[in-house]
Amino acid sequence: MSFLRREGPLIFTSVVAFFLIIEYYIANSQLTLIATFLNRSAMIVGAFLLGFGIINMTLIHTKNIIQRKPKWPFSLYLLILLFVTLVAGLIPPLGSNYYYLWLFNNIYTPLDPAIFSLIAFFIISTAFRALKIRNLEVSLMLLFTVVVILRNAPIGPATFPPIGWLGDWVIISINTGVQRALNLVVALGAIAYGVRILLGVERGYLKGAG
Amino acid sequence: MFSLKAGVTSTFIILIVFVIGMYIYMKISKKGMYFRRIPGLDALEECVGRAVEMGRPVQYSPGQKGVTDTNAPPTLAAITMLSYVAQICARKGANIGVSIMDAQVMPLVDQSLKEAYLAEGIDQYPKDGIQWLAPTQFSFAAAMLARLRREKPAAIFYIGHCEAETLMIAETGIEIGAMQVMGTEAVAQLPFMTAAADYTIYGDEIYAADAYLSRNVKTMGSLRTIDLGKLFAMLVIIIGSILSTFGISILTQILKW
Amino acid sequence: MISTDIGVWIGVILTICAWSFLIKDQDLYRLAEYTFVPVASGYTVVQAIKIIMSTGTTPLLGGDISLLIPLILGVMLYFNYSSKYRWVSNWSMAILVGVGIGVSIRGTVKANFVDQIVNTMIPLAASTPLQSFTNIVIVVFVVTILSYFLYTIEPKGPQGKIMGWAAPIARYMMMMGFGVSYGNMIANRLSILLGRVQYILFTALGLS
Amino acid sequence: MSLADRIMKIDRRIIYALIFIVIFLFSLKPMGIPVVTQPWVIDTYKLVESLQPGDKVLICWSLYPVSNEQIAGAVVILQHLCMRGIKTVHFQTQTAVDLVDDVMLNKVHPESYGQVYGKDWLWLGYISGLEAGQAAIAQNLKGTVTVDKYGNQLSQYSLWNELTNDARQFKFVLSPSAETPGTAGVLRQFQIPYGLKIVESGSAFSLGSVMPFYASKQYWGMVAGFPDCAAYEKLIGKPGIGSRSTDPLSAMGLLVFGLLLVSNIAYIISKLGGKGGSVK
């Protein structure tokens, strides 16, 4: 039984990953067929998992309503709107009928950048609080932040050309160097992590604690 | 029939050498190997402990991606780290909540919480704390900010692949007076974590969590291989740029073979 | 000309509700949140059903029997809710994780490791002195920061001495790069906010 | 509590209010602060000017609707292309709905330049597979798509019948790019195999990734962010979203600079004061 529960799935994981990796390097039409099938299967199985989310969300808000938790009318509103969106989406033509697109274009489309735009406030208040000449590290960060802020404000280069030139240069050289080094580091870590999972030595995925 | 595709031969050789190297180092590594400190990982206990003292919950989120695309490694690493954090919570009696964006990780989160609590001899794990907030980046951010203000956790862990929402969570965390440990492999978000979080786990340090926290001899050995990979990269870059200064591009040609 | 499109005004109201987070007006923000979450969830579910139908059931009914396997695996996931047969869903998770690990390893080695190394092997003496200096900076930064991320080199002996020197310098370098990113990101985020402000001022209120 | 301490512990809502005031005020009352015209903007302008009416340009959209800097840059270049009577073929690598509809119909208004859909511009819609999708368009345009975004048969359009399967028919590729595969994909799929010129519409971030290739003329030009956009609008004499955005951005830049200055001065003062005696 233990094989069906733990080792089996782990070996299955490794086999699936092995086919996908090999297919990237070796030109063989059979392998490509297998890899395409696996990719497609993962898309389908992954789509099924969204049900877990919807069940979880529905349970939480139903509970809020039944137990009359504070602000429970909001939970009711959420469930109704979820139901409406789903029904609107499922009326044929699937996902492109008038009501569904109306909801998408008039609720989703403006709210997405609205929430995104909150970051503009947070990024400035974080800078105000964190970027102080506390020590050399933070001072350097502050210095380069200021250079780039002044470079990106159109008035900076227009009134004082060297700031534009300096700003361009730090973006081209320093930023490139740091990003590239970190990308290399992250890539190596990810590869090694993946290989450890395939060899079954990593705790966590299906292995649990202990 | 089985011929290598064009332009990936050297990559393939590097990958094979890397895997073999990892296998060998995992076999030969011994106990007591030196390992650099990672402050973010040392801080896990402290943060949970502080939450217990203050009588406030702990909040954990494994990033915003699932497990079927190229962001699988950071997400799985975040779930590994979740099992450690959950175990500390179980031991110290802290109340843990998990916020999820991609429903793909829900079974894994559920299982790792359950087993973490079982490992501490507790049958009942906080199932209600696992919440799927929303499926897209900013709907998730919106719900996450509201959850943080509502529950006022004293410790926030945001680990895994993340994007712009990092700073929103970090700034709200500061507003409610939470201690924050953040870690990601998404290089673009590291500046904000550095500025806003109490502890940042940089880049591939999130993958080292298992080796670092469990001092597992095998995984430690595999980290040695990563170091060799970094040394290899440094060496090739230095030699390659010196050679290309003199107009010799043989290394580039080999690597592009 | 003030806008007469009701959709535009819903957008404006929802935007203001979202901004109310900044001044702690809980109910207004909650309205935005509880409007956004179900619509986004419904949208994602419909996309998922579309995927299942277009890549799964439609070709299956067309005669591609092999697609029965992922569909069964998909249904098997729901054994997760049973404590006794939970292990059945492990097999479905296995294919997901397998594909995820597979695609991330295979692409990463080339795109993020080998290609990055190739791009960094740049001539240290280029056509102009400034270009040479830029190239030297890039190479020095990459090599120094890589050395900072070495885990298992002990800080003693000759190599330890070099590490002891390089580590703080690498941190300074990273901070410089982070500063540049931070400054750049401020401009980028402000442009998003500006987009919303212009939407209210020019699209909705019709000022110009 | 001293003034310096009070400044450092300021209620952040005051900062938020300042941001709101400045951004609304400067959006309403532009001051006409000058902008610098970068060489890559001039190169883009000259490239479009050198084309003949009836030439074709490919546009590869690689972004979501929130990337308004990149969209603004694309809009101004597209307006210039319409003015010159150049035909454009669009496709997108991200699934966002109605992206090009919004840009072309609400912002560029090709009809006001006498351009007709199907004759002067075409929208091929979403091409799946990210960079693989770009490669498919580069290698086998006619075989990859048969219907446009609206589901109409492409063969009924005169522009589609003028097109061939050779990527070199396009004078350049315009890449409004904020997501993967973006311009890096265009470089690998269009520039390196076919030698096509690339113009990027990006943000200030693009500078780092573009500059090495701009020096080697693989990227021909670029419009990076609102300031470049405003400069381009000036070149074609058609002030628009870019010109309207530069003043608020200048003001915000100065505001952020000022805030950082104030917080650091307060920090220094409280440090110096802290040495002398206890600050409570």
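Points to keep in mind about this one:
Just so it is clear, A, B, C and D label the chains in written order, and each chain counts residues from 1 on its own.
Keep this in mind: a residue touches a chain if its C-beta (ideal position, glycine included) is under 8 Å from a C-beta of that chain, and two chains touch if they have at least 3 such contacts.
All figures in this text were calculated on a predicted structure; none of them were measured in a lab.
Within the contact network of the assembly, the step distance from chain A to chain C comes to 1. Considering every other chain in turn, the ones in contact with both chain B and chain C prove to be A. Using mean Cα coordinates as chain centres, the one most removed from chain C is D. Ranked by the number of C-beta pairs in contact, the top chain pair here is A-C.
Think of the whole protein's Cα atoms as having one middle point; the chain whose own Cα middle lies nearest to it is C. Work out the mean CA point of chain B and of chain D, and you get 33 Å between them.
Note: centroid distance chain C to chain D, computed from Cα atoms, is 20 Å.
A straight line joining the Cα centres of chain A and chain B is 13 Å long. Remark: chain A and chain D have CA centroids separated by 23 Å (rounded to whole angstrom).
Listed for chain B are residues 8, 11, 15, 66, 68, 72-73, 76, 104, 107-108, 111, 135-136, 138-139, 142, 164, 190-192, 194-195, 202-204, 208, 223, 226, 229-230, 233, each touching two or more other chains. Shared interface positions of chain A, i.e. residues touching 2 or more other chains, are given as 21, 24-25, 42-43, 46, 49-54, 57, 104-105, 109, 111-113, 115-116, 118-121, 123-125, 127, 129, 131, 141-142, 145-146, 148-149, 151-153, 171-172, 175-176, 179, 182-186, 188, 190-191, 194-195, 197, 205-206.
With touch defined as above, residues shared between interfaces to two or more other chains in chain D number as follows: 12, 16, 19, 66, 68, 204-205, 225-226, 249, 252-253, 256. Contacts between chains form some other arrangement here, matching none of path, ring, star or all-to-all. Applying the touch criterion to all chain pairs gives A-B, A-C, A-D, B-C, C-D.
In the complex of the two chains, the chain D residues touching chain A come out as 8, 10, 12, 15-16, 19, 33-36, 65-66, 68, 97-98, 204-205, 207-208, 211-212, 225-227, 230, 246-247, 249-250, 252-254, 256-257, 259-260, 263-264, 267-268. Only residues 1-5, 8, 11-12, 15, 18-19, 22-23, 26, 66, 68, 72-74, 76-77, 79-80, 83, 87, 100, 103-104, 106-108, 111-112, 115-116, 118-119, 128, 130-132, 135-136, 138-139, 141-142, 164, 167-168, 170-171, 174, 185, 187, 190-192, 194-196, 202-208, 210, 214, 216, 218-219, 222-223, 225-226, 229-230, 233 of chain B touch chain A when the two sit together in their complex. Within the complex formed with chain D, the residues of chain A that make contact are 101, 104-105, 109, 112-113, 116, 120-121, 124-125, 127-129, 131-134, 142, 145-146, 148-158, 161, 164, 168, 171-172, 175-176, 179.
By the touch criterion given at the top, residues 21, 24-28, 42-43, 46, 49-54, 56-57, 60, 111-112, 115-116, 118-119, 122-123, 125-127, 129-131, 141, 179, 182-186, 188-197, 199, 201-206, 208-210 of chain A touch chain B in their complex. By the touch rule above, chain D contacts chain C in their complex via residues 13, 16, 19, 23-24, 27-28, 66, 68-69, 203-205, 215, 225-226, 241, 244-245, 248-249, 252-253, 256.
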